[in-house]
Amino acid sequence: MLHPDRLFPADLATRELARKLFAEVETLAIVSPHGHTDPRWWGENPHFSNPADLFVVPDHYVLRMLISQGVSYEALGIGEGREKDPRKIWRTFAEHFHLFQGTPSRLWVDHALSEVFGLSERLSPKNADAYYDRIAECLAKPDFRPRELHDRFNIEVIATTDGALDDLHWHQQVLDSDWSGRVVPTYRPDAVIDPEADGFTDSLDKLGELTGCDTGTWQGYLDAHRARRAFFRRMGATATDHGHPSPRTANLSDTQAAALFDRVRSGRLRDDDADLFRAQMLTEMARMSAEDGMVMQLHPGSWRSHSAAVHAAYGRDKGFDIPVRVNFTEGLKPLLDAVGMAPELTLILFTLDETTYSRELAPLAGAYPGLKLGPPWWFHDSYEGIRRFREMATETAGFYNTVGFNDDTRALCSIPARHDVSRRVDSAFLAELVVTHRLDEEEALELAPLLANGLAKAGYRL
Amino acid sequence: MLHPDRLFPADLATRELARKLFAEVETLAIVSPHGHTDPRWWGENPHFSNPADLFVVPDHYVLRMLISQGVSYEALGIGEGREKDPRKIWRTFAEHFHLFQGTPSRLWVDHALSEVFGLSERLSPKNADAYYDRIAECLAKPDFRPRELHDRFNIEVIATTDGALDDLHWHQQVLDSDWSGRVVPTYRPDAVIDPEADGFTDSLDKLGELTGCDTGTWQGYLDAHRARRAFFRRMGATATDHGHPSPRTANLSDTQAAALFDRVRSGRLRDDDADLFRAQMLTEMARMSAEDGMVMQLHPGSWRSHSAAVHAAYGRDKGFDIPVRVNFTEGLKPLLDAVGMAPELTLILFTLDETTYSRELAPLAGAYPGLKLGPPWWFHDSYEGIRRFREMATETAGFYNTVGFNDDTRALCSIPARHDVSRRVDSAFLAELVVTHRLDEEEALELAPLLANGLAKAGYRL
Amino acid sequence: MLHPDRLFPADLATRELARKLFAEVETLAIVSPHGHTDPRWWGENPHFSNPADLFVVPDHYVLRMLISQGVSYEALGIGEGREKDPRKIWRTFAEHFHLFQGTPSRLWVDHALSEVFGLSERLSPKNADAYYDRIAECLAKPDFRPRELHDRFNIEVIATTDGALDDLHWHQQVLDSDWSGRVVPTYRPDAVIDPEADGFTDSLDKLGELTGCDTGTWQGYLDAHRARRAFFRRMGATATDHGHPSPRTANLSDTQAAALFDRVRSGRLRDDDADLFRAQMLTEMARMSAEDGMVMQLHPGSWRSHSAAVHAAYGRDKGFDIPVRVNFTEGLKPLLDAVGMAPELTLILFTLDETTYSRELAPLAGAYPGLKLGPPWWFHDSYEGIRRFREMATETAGFYNTVGFNDDTRALCSIPARHDVSRRVDSAFLAELVVTHRLDEEEALELAPLLANGLAKAGYRL
């Protein structure tokens, strides 16, 4: 099911070199500086419940593809009247597994079935039941709990993503344990930054309570952020993360910002206030990063829960987040004019709009010292996606303005698979540079481990 | 002139596999669910008049390239004072045939000359006269009439595109004949939907007369569409088609929509009314499709007749339609919120803005059950265009959210050529997936005929 | 350091053919119709001062990459308190030379060191001092002065870029000399067209003085342009060049244009006036080109000096020009409606927004006789950039609506390197067309020299 030469170039000389480069990085430790695994896993180390809950129900890549071909959410264990038998959900997945042909999900599932569960044939309706039994059997064993998988996957450090109000008790539980795994939180304050987030006002009240700061005032609110960032740092965090509809930033005067905050805080928003506040807060977060050294990440341009009907019936993260066009050159200017040349700032940019790679992101990261390019994100974390990123970004930004790979996933078993894909495609890319004499083989051998995990460690200050 | 390995990958192992896959689909019947052949051809089965009228004068790809290099429309038989001698037009074409190097038109003409007319050398000034004679001689024979070519091309079914007011008498003539060819109409109501179309008000009057509905009212107007759609279905149609400046949709309340219609009907349009009405009508058409099962096609983003001077002097479809940027994620939301999850809806999306493949179209089609991706359109119906489509769409949408190929042409002799190109490039793409171990050979062998005509038949309910 | 097969395809059969095609063009004379070499070099033929001033300080590609990785402008010899020792600047460059891995700058520097200075190893901290000495030694010799390098580089003709107010005395000095090199100016009137340019009003006064035209009136201002264009033509110019924020054009009535000019001239600009005036002037320039036959070039879409801080401290052209999205289809319409079909017009379009290649530029140039496509510009003058251009533009525009390559550089020693890259990548592209049977080998052999310099000579009327 997993060919040793998968994702390597067809041309034999190039393939030979890709193999050689990949051999240098295949077994390097996984550095996972941006992801969405459940902190409870690391704190409690529970058993996973069943194959459907591991592979199907929480995976929005899988859900959306099945939904797109007429499967119901209910049949996938979601919503009112949902299927309760995980085996039946698993069978539905197996029956439709051909839909994933040519997609990264197929590579990830193949890899997990093979490498994590030792299964040698591709999932199909024929083997669905036997595979269900085999995986369920594994999941009951201690070796298949999160911490044991973490160690087996050779993860050196993994970051979770955590709300500003989170008490990080699962992280504390890891720190208090005798387990040696390094799990660090990431400060993701969207819920206390986005005036349109559910329960925004209550969240700000709670932010005040947690920090002892007066979140009724602009300065108190900023101080509360500083306090929470410091708490996160004490708990091991080195980074923040921001999911915004667009990369728009603003740099208002203190007076203007305070007045805007007053309107936002009191719920008396004018037309553009919500977006303007988000824009202003990106600049504030960048300012704090330039002070406290936390690496800032920006993930803009996803229209969350595009289908009103799906959102109403089944909630968020159900596969209906759709990318939109973004404008980094214009959007980031206020932030960059404020702190773009500050020596301590690192702002890592992600995009779902691949047209920005060569037009905006590589030129920006190839000039501003504070900017780095995150790896291909979400829909583009794939063979073709990674190739396009390297082909479109490298000539202008070089390799050293990128920060290696991150898996960005809540699907634990896909982590080794995703790093495997990334390392293979990068090896192939480097091999092509060498074969076309744009790089020496010796240079490629030095770059390969940097792309595999070195730039991630350095870029995220891990 | 036609190498048996054309369009196959350079790498020999990949080429070998592409050959094998292509061999499976090369002779499969042509399914042509979206095209622009003249219904009269099928009804009357006339002889084509001459080589220039077959290959040059009506082909906007050919016209624009010659115009772009300084040839006049008049020399191509168009406009006041036009050249009347088709042989001279043909010679002009031959003299400039090198301009098409590297373009799909060149592949199509080569293919037609070789496969339809048995000519073995490429068109050139040297052979222009002899070729003219040979083709003219052929065209005089019964075997080169439309129905005979149709049968020789192994066309299983072909769709034409027809205005809402069309009486479809040529289609009736086919049905009444003893010819076994299947020619189906497509409901293309742009002229009775676009308030800026020439003669819009008269067209609505005529629509009322034809259907007995009161097209002076919003509900009567919608009923008239329903009636015409039913008529088209009785005549074999399975699909509708909509050419709009943008993918904007709207979902007004009944009251708002009725008020908008009143303004549109009476010619008292406010600023945005024309575009808003088009937007609203896309949602209405989608609603009707969800009811009556007609597959809906949307072709947005062409700025028709960009040159005012060319339009004034020579009319429409003269090669000056220029693509513009489009926004599907935002534009389609009202329609999708209205009927995007309706089980009966199929809406096939086309684009001239390739940036939307990976950013918008594949994520949308990879989620909404009602959405499918049409093949690369117009400028992108080509070797590079089809490759880019597969590379940019497959990883997110998979294969099963696409609907195979359609030739989209009024140039009868190019139909086999276009399907040949598509089948070759898809075979090459599948071969690359296999050689890079992203797909098993056995899977590729199953997918190849689906891409060649299976998905088209299923997607268009033919 | 320079492999003879660099930039050729990995596949051996394709590589073999690329070699053959490249052999046909490798030694052809360089035609450089658009560049930024200093006219003083050609007039005075001075010695270059030192390696840092030749390779580092004036090269914005080099500057921005070093800045992006934390090197200061001061360390690169720029700004208050700057490093004065060129050897130390050179060492800084050498220490960071690995940053350029995978970028075109690396190829250009390698090429210049090897081919111009006879150095056989790549620049590194180890050889930095020895290389500095060797290059400095060369620069002291007569053979390494501009005119001697020009002749050695086999430059047939080279264009400089010159302000509308320039007296072109360096060009006169060339004409008056016994040197046979052909150096032509290019009319670049941005400073007297852009109301937001520094010293705009004074420049218009000076334009009036130079020409004897009354630049206080719209007609006098236009006449002044006509006069300067005529002067440039007398000095050998065949082209104009226009750097605008966007491709927006306008075609106001004479009355409107005169009123706009009055506001612009008197500094009483309304909101949109500056941009509207630039837009109007593109149409005026196109009209003049249609009259006087000067080839017009448009370079839109660069946000100049994006960082306010860098601009304030270090000035223009310091590596912080960032591309933005552009819209040619909409922007150019007024100009094209005015003169797009005029037989004498040639308007060459450049872009930093690669999405416009297939969506807008190729369709426009593949229709309007007055439009041609310039080569990949700036960030895209590279292996991947040229490949993408050919792949995205050729199928719609063909080869004959392009104008070959131009090096667009102020870095004299990179000129042969850039033409070498372009000829290699074009040879590779043509070879791929032949190997995939989209072109005959004989056709490729005819096209290769056209792409190398033939289309440039014809397109620029040189």
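Note that the chains take the letters A, B and C in the order they are written out, and that residue 1 is the start of every chain.
Going forward, contacts are C-beta pairs under 8 Å (C-beta built on N, C-alpha and C of every residue); 3 or more make two chains touch, one makes a residue touch a chain.
The UniProt protein names, listed by chain, are A, B, C = Uronate isomerase.
Quantities reported herein were computed from a predicted structural model and do not represent experimental measurements.
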- Working from the CA atoms, figure out how many degrees chain B (Uronate isomerase) turns to land on chain C (Uronate isomerase), in steps of 5. 120
- Message: Same or different interface residues for chain A (Uronate isomerase) and chain C (Uronate isomerase), judged by whether over half of the residue numbers are used by both?
- Response: different
- Averaged over CA atoms, how far is the centre of chain A (Uronate isomerase) from the centre of chain C (Uronate isomerase)? Could you give it in whole Å? 40
- chain C (Uronate isomerase), residues touching no fewer than two other chains: 9, 11, 355
- Note on the structure: So, in the complex, the side of chain C (Uronate isomerase) touching chain B (Uronate isomerase) is made of residues 9, 11, 13-14, 327, 329-330, 333, 336-337, 340-341, 343, 355, 358-360, 362-369, 371, 391-392, 394-401, 432-433, 435-440, 443, 447
- Can you list the residues on chain A (Uronate isomerase) that touch chain B (Uronate isomerase) in the complex? 3, 5-11, 64-65, 67-70, 98-104, 106-107, 122, 303, 306-310, 319-325, 352-355, 379-380, 382-385
